[in-house]
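Which chain is which? They are A, B, C, D and E, in the order written, and residues in each are numbered from 1.
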Amino acid sequence: MTLVAVCVGAVGLALALSFALTGRDSRSTWPQAAPYLGGGEAQTHAWQRFHFRAYTMTLVFIAFEMEMMFMYPWAVVFVHEGLKAMAEMGMFLAILSIGILYGWREGVFRWQ
Amino acid sequence: MIWLLLTVPVTLAVGVWLAATFDRLAPALWGARAGGPVAALRDGALLLRRQTVRTEAPDDLNRRLAPVVYLALAAIGLSVVPVTHAAPIESPVGIVIWGSCEALTIIAVFLHGWSPNAPFPLIGAYRYAAIALPVMLPSMFVLIAAALPAESLSVTAIVESQREVWNVVRQPLGLALFLLVGLTLTQRGPFDFADGADIAGGTSAEDSGAGRALWQLARLAMLTAFSAMAAALFLGGPLGPGLPGPVWLWLKTAAIMALTVLLGHGIARTTPGRMLTLLWIVALPVSFLHLAVSGGLALW
Amino acid sequence: MVNVVVIALILFAVWTGWRVFRVDSMVRASFSLMLSFIAVGGVGVVLSMPYIGVATVFMMAVEMMAMAIFMVAFMMNPAGLNPMMMVHQHKFSVGAGVLAWLGLSTAVLSAELPSAPVTSEQRVVFDLGIELLGPSMLIFETAGVTLLATMVGAVILSSREGRYGHADHGSRPPGLAEGGDPAGRVPDEGGGHHHHHHGGH
Amino acid sequence: MTLTIVLLGASALIGIGLYGALSQQSFVMLMMGLELMLNGAILAIIGFWSLGLAGMPEGQLLAIIVMAVMAVEMALGFALIVAVYRKRQADMTEALGTLKE
Amino acid sequence: MSLLDRLAGRAPVPVFACIGPGMQAVTEHALLSPRLRRAASPREAAVLLRAGAIPERAAAAFGRVHDQLPHPRAVLRWDGQGDPADVITDAWVDLLNGADSDTDRRSDEPPNPWEGKGDHGQGGEGMMGGVPYGRPMAMTGDDIRDGLQLDAYTATVGPFAPMLPPGLTLEITLQGDVIISTSVTAPPFPQGDEASAPHLCAARLLRLLGLNAAAARVARGSSPRALWTRGAIPAGLGEAAKGEDVRARLSAWLAGQAGPYQAPRIGSMLPGLEWHEAMLVLNSYAPDALHRACAEEEEAA
C-alpha cells in the first residue's frame, strides 16, 4: 500500500516540478527546431526502423534474465536449505550457462 | 512514518547538490580545474534562464515523461533504504523494488533519447539500451548475493545482517560490480553510453534550458539514490557507533558518491561493441563467481 | 480502501491495455503495455503478493524495452508519423474480444468463488522458495532446460550465418499488393492507409 | 467482492488481448495481444491466490511460469521475425503465407 | 537583478565554437578557460563563437548552427587575438540584463511544406509516404554487416560537428549506428601546424573516450591522469599497417611524437565501422593529414 502511494506520489511531484520548470511553452522556429548535425542537414526523419546491432544478444538476454525470477526466492531460503539449495541452483545456472557459452561461440555478444 | 517519508526529498535535494559539487571538484584530482560549492547552483541557474527548444515533430508526451520518470525512480529507490531501524517503504522485497527501479531507468533514458526525433539522441538511446540491459545481470547477482546472509529480500534485514561485519568485507567483489551498475544508472564515465562525446552529447544533444536542467537533476538524484543503496548493501547503512543512524547513512552515502564520481571522471569509455562483449564474457562470469563465493561464505 | 486502490489499478491496466492497439507510435504501444503490466503488479503488491507483483514490474520493464526495440526495427512507420490502422478481420476480432469478455465475466459473476484470503503471518516469499527447491524442483529445473532451448533456438533463428551460406541469400521484399514492388523501398510508394484484408488468408 | 472485481478486470484484459491477437496484421503487434492475454492470466492468478486459495505457494509458482512462457514466446517470436525479415523483408502475418518455397 | 540572474551571470558560459581556417589550435586553447565551458552541441550553448573567417561554402551551415541555439543567445566574432573569455562573459551578462537575443538567420519555414496536406493534415500519405511534419521517412537500404535490410538514414554531418575536424563535411548513410557509406562533401579547413601538434591530437582522442579532465591536462602540455586510456581502444582498430592502429597512434601522440603523415581516404576508412569506432579512427589522424588526404582525393576526381 505504502509502495503504491509512494510511487504515485513521486511521479506526481516530479511531474509538478517538470511543469513548474518548463510549463510555458515558447515556440521554437523551424530553423531552431531542425535536428543538430553540426551544420549538416538530414534528409529524413530520425525515427526509422532502427537497425539495433545487439538484437541477438537481446534475445538471449530475455531468456536468460528469466532466471532472476527463480533466484530471488531461492536467496531467501538458501541458508535454511543449505547445500541442497546450492546444488539445485548450481545445476540451474549450469544449464543456462550452456546457452551463454553457445551464444558466445556463435558471436552474439558483438555489434552485429 | 511521515517523518521517514520526509527524509526522502531532503536527502535527494542535499544529495543532488553534493553530487553536483563533487562533479565539479573531481576533475581536480584527474588534473583539471575545480569549481566551488556554489558552482553547481550557478550552472543550474544558467540553464533555468534559457529557452527549452522543442525539436521538429518530437514525441512531446515522452519528452516530458522521461526526466519525470527518472526522478521519480530515484525517489522510489531511495525510499527502500532504511534511514534508521526502518525504511520509508518497509517492504519484504526491498531489493526487488530497487531492481525494478534499475530496469525502468533504462526505459527513461531510452525515451529521453527517442523523443526528440533527432539522430544523435537516437543513437545514444539505443547504445544505452544495448549496454544497460546486460548490466542488469551483474546487478541482480549482486543484490541476490547481498540477500544470502540476511535470508531476506528486505533492505532493512540486509542492513541488520551486517551488525558484526559489513558486506564490503564479506563481498568486496559485490561492491565493485555494484559500482559498475551505479555508473550505468547515472550515465557516468566508462558507462556513459547514452551521452558520449562522439555523438555530441547523445540523448542530451537536443536538450536545452530548463528541460536539460531537469534531466541533469534527475541524473544526480539517481546517483544519490544509488549511493544510499550501495551504502545500505555494503557499508551497513545507518549502523555505526556514536552518531545517530541517519548521519551514518548520509556520511556513507557521500563516500560512495565521491567514489562513483571519481571513477566516472577518470576511467576511459570503450566502444559499445567491445563493452557488450566485456559485460557478457567478463562481468557475467565474475558475477557467477561472486555469487558462489558469497553463498559459500553464508553457509560456512 | 483496498477495493478502491485495486479498482483504480485495474482500470488503469485495462485502459493502458486498450491504448496498446490505439496509439500510432510503436514505442508508445510497447510502453503502454508495460504500464498495463505494472498496474497488474501493483494489484499483486496490494493483495499481499509483494514478490510476484514487484518482480512483474522488473521483468516487464526489461521485456518491453526489448519489445520496443524490435517493434521499431521491424514495423513500417515505427514512430506513427502517419496515423494508421494495421488491422484485418476487424469486426470479427472486436466480436471475439467482446464475446470473450462477456463470457468470462458471466462465468465470474455466476460462479461461486472460493473465499480464503491469505493471512498476514504467511511468509510468502519464503514459502515460494521452499516450494521451488522442494515439491516443484522438477518444474524449476525443467524451466532451466526450456530457457536453454529458447536461447539456442533464438540464436539459430536470428543469426545470419547458416550451414549453407547466408540465410538471406536471394531474398526480395514482398509488395504491399500481390506481385507489387518491394515495400518500403521506393520513396513514393503509396502504401495502404487503413489496411483491411477481410477474412484473412 | 475484491476477487470478483479482479476477475472482471482480468477478463477485460483477456478480451482486449484476444481482439489484438486476432485483428493485428503485423506479427509483433499480434504478440502484444498474446502478452496482454497473459497479463490477464497473471491478474487472475494473483486474485485467486490472494483471496481464494489462502496463499498456496503453487499459485505464485504458476505466476512465474506464466512469465517464463511470456519470455520464451517473446524470444522465439522475435527470432522468427528476424529470420522471416531476412528472407522476405516482411513483418506481416499475411506475408508468412507466401513463404512456401 | 534577481538572485537567479546573479547566479547565472557568474556561471562559466557554455560556448559552441564554429572554427574557421587556421583557428583550431587557438580556439581549443581558449576554450580551456575556467570561465568558459565547451558545449557539445549548440543546444547547450549561450554564446556562439565565430573563430576566424568562415569561408563562403560554410556560411549556410553556420546559419543552421546559429539558429539552433536557444534564446537568449549571442554571436561573437573572434580573430584569435587575446583571450575571448572576457568578451564572452560580458555578452552573456548583457543578455541577462535584457540585451536583445540574436534573431534567426534563416527563414521560419519547414524543410518541406506539409500543413493541411495528406490524409490527416500531417503532410503524410499512406503508411510511409509524403512528408509528415515536413520531412519524408527513411526507407530500407542494404546493410554491409549483417545483411538485415532496415532503414538507411542519410544526412550530412559537419562542417561544425565537434567530433569531426572543422570544415570536414561528410554525407553519411547509417544503418542503426553503423556507417554504410560516406562521401566527403567538403574537406577540412586548412589548419596550421599547431593544430596537428601531438598533445592537441591526443586531447581530441581522450575527449572522445569521455576523459574531459585528462584531455584538458594533455592540451595544456601535461601528461594525462586517467585509467585504462589505451586499453579502452579496441586493439587493431583502424589498422593501417601491422601494429599501426588507433591505439598505437594515441601512444605515439602521448609520447610527443607526430602521427602518420598520410591518412587513408575517408570514403574507404569509415564504412563498416560503428559510429564510435569510426570517430576514433577519424580522430586518430591529425587534421593536416586528413586535409591532405581529402585534397588528393579531390585532385584524383
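Criterion: a contact is a pair of C-beta atoms (placed from the backbone, for glycine too) under 8 Å apart; a residue touches a chain by one contact, two chains touch by 3 or more.
By chain, with names taken from UniProt: A = NADH-quinone oxidoreductase subunit; B = NADH dehydrogenase subunit H; C = NADH-quinone oxidoreductase subunit J; D = NADH-quinone oxidoreductase subunit K.
What you are looking at is a predicted structure, and each value in this text was computed from that prediction instead of being measured.
By the document's definition of touch, common neighbours of subunit A and subunit C comprise B, D, E.
Counted by C-beta pairs in contact, the busier of C-E and B-E is B-E. Each chain gets a centre from its C-alpha atoms; the one nearest the centre of all protein C-alpha atoms is A. Most remote from subunit A, judged by the distance between CA-atom centroids, is E. Ranking every chain by how far its Cα centroid lies from the centroid of subunit B (NADH dehydrogenase subunit H), the top place goes to D. One inter-chain figure worth recording: subunit A and subunit E are separated by 30 Å, centre to centre, where each centre is the mean of the chain's CA atoms. Each chain gets a centre from the mean of its Cα atoms; for subunit D and subunit E, those two points are 46 Å apart. The geometric centre of subunit B (NADH dehydrogenase subunit H) is 32 Å away from that of subunit D, both derived from CA atoms. Subunit A and subunit D have Cα centroids lying 20 Å from one another. Shared interface positions of subunit D, defined as residues touching 2 or more other chains, are 64, 67-68, 71-72, 74-75, 78-79, 82, 85-86, 89.
Contact of a single residue of subunit E with at least two other chains is seen at positions 41, 43, 68, 70-71, 132-137, 139-140, 146-150, 153, 155, 161-163, 176-177, 274. Within subunit C, contacts with two or more other chains are made by residues 2, 51, 54-55, 58-59, 62-63, 66, 69-70, 73-76, 79, 81, 124-125, 128, 130, 132, 143, 147, 150-151, 154-155, 158, 160, 168, 173, 184, 195. Pairs of chains that satisfy the touch definition comprise A-B, A-C, A-D, A-E, B-C, B-E, C-D, C-E, D-E.
Of all residues in subunit B (NADH dehydrogenase subunit H), only 5, 9, 48, 51-57, 64, 67-69, 71-73, 75-76, 79, 88-91, 93, 95-97, 99, 114, 116-122, 126, 129-130, 133-134, 136-137, 140, 144-145, 147-149, 151-153, 200, 205-206, 209-211, 213-214, 218, 272-273, 276-277, 279-281, 284, 288, 292, 295, 298-299 touch subunit A in the complex they form. For subunit A in complex with subunit D, the touching residues are 55-56, 58-60, 62-63, 65-66, 69-70. Only residues 57, 59, 61-62, 91-93, 96-97, 99-100, 103-104, 106-107, 110-111, 114, 117, 126, 129, 133, 136, 153 of subunit B (NADH dehydrogenase subunit H) touch subunit C when the two sit together in their complex.
The touching residues of subunit A, when paired with subunit B (NADH dehydrogenase subunit H) in their complex, are 2-3, 6-7, 10-11, 13-15, 17-18, 21-22, 25-28, 30, 32-38, 42, 45-47, 50, 52-54, 57-58, 61, 64-65, 68, 71-72, 74-80, 82-83, 86, 90, 93, 97, 100, 103-104, 109-111. By the touch criterion given at the top, residues 1, 3-4, 7, 45, 47-52, 55-56, 58-70, 72-78, 80-81, 84-85, 88, 91-92, 95-96, 98-100, 102-103, 106-108, 112 of subunit A touch subunit C in their complex.
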